[in-house]
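Shared chain: chain A. Partners: chain B in the first complex, chain C in the second.
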Partner chain A sequence: MRAYLSAFVLQGRIGLRYRIAVAAGLVAQLWFGAITLMAYASVYHHAPDAHAPLTLRQAMTYTWLQQSLFRLLPIGCLPSVGDAARTGAIVYDLLRPVDMWAWWLSSSLAWLVGAAVPRAILLAAIAGPLAALLGLEAWSLAPPVSMTAAILALVSFGLGALISATIVMWWNVLTARTLSPLGANAIAVPLSVLLSGMLLPLPLYPPWAQTLLLLQPFAGITDIPIRLYLGVAIPGGAGTAIVIQIVWLAVLTLFGRAWMRRTVDRLEVQGA
Partner chain B sequence: MTRRIGNGCALNVRGFEAHAAVFQKARDAAVRGSSGMIRGTVAIAVEDLRKVYHVREGGSWRGRTREITALDGISFSVAAGEIAGFIGPNGAGKSTAIKILSGILRPTSGIVRVGDLVPWQDRRAHVARIGVVFGQRTQLWWDLSVAEGLGLLRDIYGVDPERFARNRARLTEALDLGGIMDQSVRQLSLGQRMRAEIAAALLHDPEVLILDEPTIGLDAPSKLAVRAFVRDLRRERGTTVLLTTHDMHDIEALAERVIVIGHGRILTDSPFQDLRATTLSERILEADFVTEPPVLDLPHGATETMRDGRSVTITFDPRLVPAQVLVAQLSAVPGLDDLRIGRPAIEEIITRFYADHAT
Partner chain C sequence: MLDGLVLYRRMAAASIAAQLRYPGTFVLQAAGNFVTTLLSFFGLWSLFHRFGSLGGWDIGMVAVLYGLVNVAFSVAETLGRGFEIFGGEFVKTGNFDRLLLRPRSTLLLLLGHELRLRPVGRFLQGAFVLAAGLHLSPHVGWATVWLIPWAVAGGAALFLGILIGQAALCFLTIEGLEVVNILTYGGVEAGQYPLPMFGRWLRRFLTWAVPIAGICYYPTLVMVRHADPLGMPMWFGAVSPALGFVFLGVMVWAWGRGVAGYVSSGS
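== the complex of A and B ==
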């Protein structure tokens, strides 16, 4: 247990070391957020709120939360796994008397959380209270609709982080299998950005796609928690939303572990 | 279950000899084997080990797969506390064997026991008892300092704090790590990194240490330091060491036993001195003259192999021409200034050995 905790702490600390990256990310996220907001404002100007699945204010808050949590998305394999696969140092991962899944998972989770949380706090502070203070309240990140919504969202964000780390594990296994991080990273970015609601909030897709979008694993990372935060109705209610997350976590873990076992069994690291 | 089965030498089952003997038979043979030597326990026992890779050719998914036999039935054993050198040209199968012994790779067939465990079946228990250094890879974490990396390894291997402090202090001193403990691994020189790698492999007191090219790329002082450390480790802690290298001086300095592997088979498994004696018994004589050397009339068994300015190099077989005969004859040549007799370099011995077995 201690090994997994150490891996988490050390990986998290590496994430915190890159302060310039945090600052650069913050600027980029603010920029993208502002542009997205302007686009919504012009679209909503022609289509009244009454018919939209999200009000303009909700769409703005949704956007700010997505931008804040951009780094929580599984946009690639764990960098150290990618490096290890390329250089062959991955043999050492097989040489540790630890449960390799739990070992990589704790690092992957720390990688996501360590990068996402500092950015999220800073960006939420700027897009929320600071924007309101500057008189930009109409464009700002709104607080959760209720205390219950806040608590549900927090639990759901926690599950979302775990789902994301588990999807990163799938990229890690794929990387170990192909001995290169390129393939995993190539599919990870578009899938994450599209299916998590980062590009366009999932509630804004056509009605016929709604059930499918809600039932795919990437919805559980940020979309479901944000819906709970906004108090947007979810078919089946908040309970169902959390159950969807837990089921995906279990399914991804179960099949991911089996896939990893098969991969480790046939892993042939070439060369000296 | 494989403990106490006679001494290592008796277990040197050669690869090209009968593999039919199953593990139990090898064990019986060992117990009956040569007397008068100390009975050790067997740390590593390998019996008729085969590994066939399936390599896809052509790149596209229509490419055919081709079978490559990396190990074609090798058998050997290493006694507890022994240092065995594993050598062979590139592509001979050394690394495959090392990976199977480490538990990383599953063989196609064959029996392997390290201690009483089958590496690839009892992976976690097995890897907890071995230490491995791959000279061309790093097991420390680039983004962490050496101290942080060692701390992480302590947690991975569950080394208790007291033992960790003791081992860390011992390794820091023996490998001279004091000055680099707080540096991040990416900042270390190759020599510093290799010393840290060796410390990382030994924190948990492994019973078996596997060194895969531990001195590759190191400068002379670093090589000497690594060799001295491994020798001390064996002497003080009785650690079994399996070593692969392309640096024959590593073998000469460390290994009592050399297992030469080629084309996936064991070519020879013998004490190093025997390999030297049977492969290349030639001696080399260098003679310097005060002036241009005269034409020499050499006896049968001696040939002039090089002439450079005022010195002449003569290669001779001491079984045909005893050294003293040759020396006496050359002493009579006018203008002789100096004489030196030496043995061929170990690289030459091995090159000759590979050439002899290149079929």
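== the complex of A and C ==
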């Protein structure tokens, strides 16, 4: 257990090192958030009777939460695994007397959480209380609808981070298999940006796609927690939402582990 | 001058040959580029599906905007790769010193550093959406025939200017800062929406500071013969792509200042 904990702490510290990157990311997120919000405001004002599943205020809060948690999305394999696969250093990971899945998973989770949490807190502070203080209340990040919603959302965000780290594990195994991170990253970005609701809130896609969108694993990362936070109705209620997340976590872990075993059994190592 | 063109053609040919050495990788990356950009249009389309219009604008108009900005950006991405990686690969490592020793303009050498083929995915997808948008718009005028190349050229100049400005900034920051992506990718994002959807400060910024509206929104109004709800006269759209070249000129000037003040770094 201590080994996995130290892998987590180490990777988390690496993430906290880059303060300038955090500031730069923050500016970019605020910019993209502002453009999206103005577009939504205009769209909603021109179609007051469109009966959208989210109110404008909810769509804005959804966008801010999505922007602040951008780094929680599984947009590629763990950089150190990518390097290890390319240089052949992956053999050292194979030699460690630890469960490789848990070892990489701890690092992947810390990579996501270490990058996402400081950014999320900063951006939420700016888009929430600070924006309200500056008189931009109508554009700001709204607080959770109730105490229950807040607690449910927190649990759900935790599960979301685990699902995301598990999906990163799939990219890691794919990278180990193809010997290059390029392929995994090429499919990871479009999949996570579209299916997690980063591009457009999932509830705003056409009605026929709704069930499908809710039942795919990427919804569990940020979309389901945000719906709980906003108090948006989910078919079957909050319980179903959490169950969807747990089921995906179990399925992805089970099949991921099996795939990893098969990959490791006939792993080719390249490099010097 | 002519001699510079010959040199650029040889560098470009070498770069293309190098990329085609790995045909599989090239096809995958171009296809990935195509799919990723197409997905972002799916997001816009879903908004239409849900709300009937985008702030009162029909899908034809928005598709033209989207196509123009993506085609223009893909041209700049193809040409300006050397500037995109300038901070990390030239300034931080000190490799820029070697470029300075060569008896040619640094701009030419960096343009020739790589002629990237991957953005062909974004280009094709943008061109496809642009054609569909013109097909869907009811009043497309004849001016479109010459406005498309003019607007694309202005847009390519504008985005190339942003990339050059981004590289010039590296003389101060040593490393490349991702924050300038708000002008490249963020610019493409902003250019996709009709200008009146934005607040006044952003409209002014996008018209006069970084004139993305000049290469995208205003020419599109002329093409689909739609009056500007904010009262800008129609002729403005026919000349506004020139703003992209003005921006490029300013950035080239800034680049010259940066090179003049450069005092090496790296090992």
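FYI, the second predicted complex is superposed on the first by the 267 of 272 C-alpha atoms of A that agree within 3 Å, B and C clash if a C-alpha of one lies under 4 Å from a C-alpha of the other, contacts with A are read in each partner's own complex, and residues count from 1 in each chain.
Rule of thumb we're sticking to: contacts are C-beta pairs under 8 Å (C-beta built on N, C-alpha and C of every residue); 3 or more make two chains touch, one makes a residue touch a chain.
If you're wondering where the values come from, they're calculated on a predicted model, not measured in any experiment.
After superposition on chain A, the partners chain B and chain C are accommodated together without colliding.
On the chain A superposition, the C-alpha centres give an angle at chain A of 90° between chain B and chain C, rounded to a multiple of 10.
Contact with chain B, but none with chain C, is seen for A:L95 once the two complexes are overlaid on the shared chain. In the superposed pair of complexes, A:V145 makes contact with neither chain B nor chain C. In the superposition on chain A, A:L267 contacts chain B only, with no contact to chain C. Contact with neither chain B nor chain C is seen for A:L179 once the two complexes are overlaid on the shared chain. By the touch criterion stated above, A:A7 is placed in contact with chain B alone, chain C being left untouched. Of the two partner chains placed by superposition, only chain C is touched by A:H45; chain B is not. In the superposed pair of complexes, A:V189 makes contact with chain C only, with no contact to chain B.
In the superposition on chain A, A:S80 makes contact with chain B only, while chain C stays out of contact range. Of all Cα pairs linking chain B with chain C in the superposition, the shortest spans 7 Å. Residue overlap on chain A between the chain B contacts of one complex and the chain C contacts of the other is empty. Against chain A, the residues of chain B that register as touching in their complex are 53, 90, 95, 99, 102-106, 123-125, 127-128, 130, 132, 134-139, 141-144, 148, 151-152, 155-158, 212-213. Interface of chain C with chain A (complex): residues 25, 28-29, 32, 35-36, 39-40, 42-43, 46-47, 49-56, 177-179, 181-182, 186, 189-190, 193, 196-199, 202. The touching residues of chain A, when paired with chain B in their complex, are 2-3, 5-7, 10, 14, 17, 80, 83, 87-89, 91-92, 94-99, 265-269, 271-272. Residues 20-21, 23-25, 27-28, 31-32, 34-35, 38-39, 42-47, 50, 52, 182-183, 186-187, 189-190, 193-194, 199-200, 204-206 of chain A are the ones that touch chain C when the two sit in their complex.
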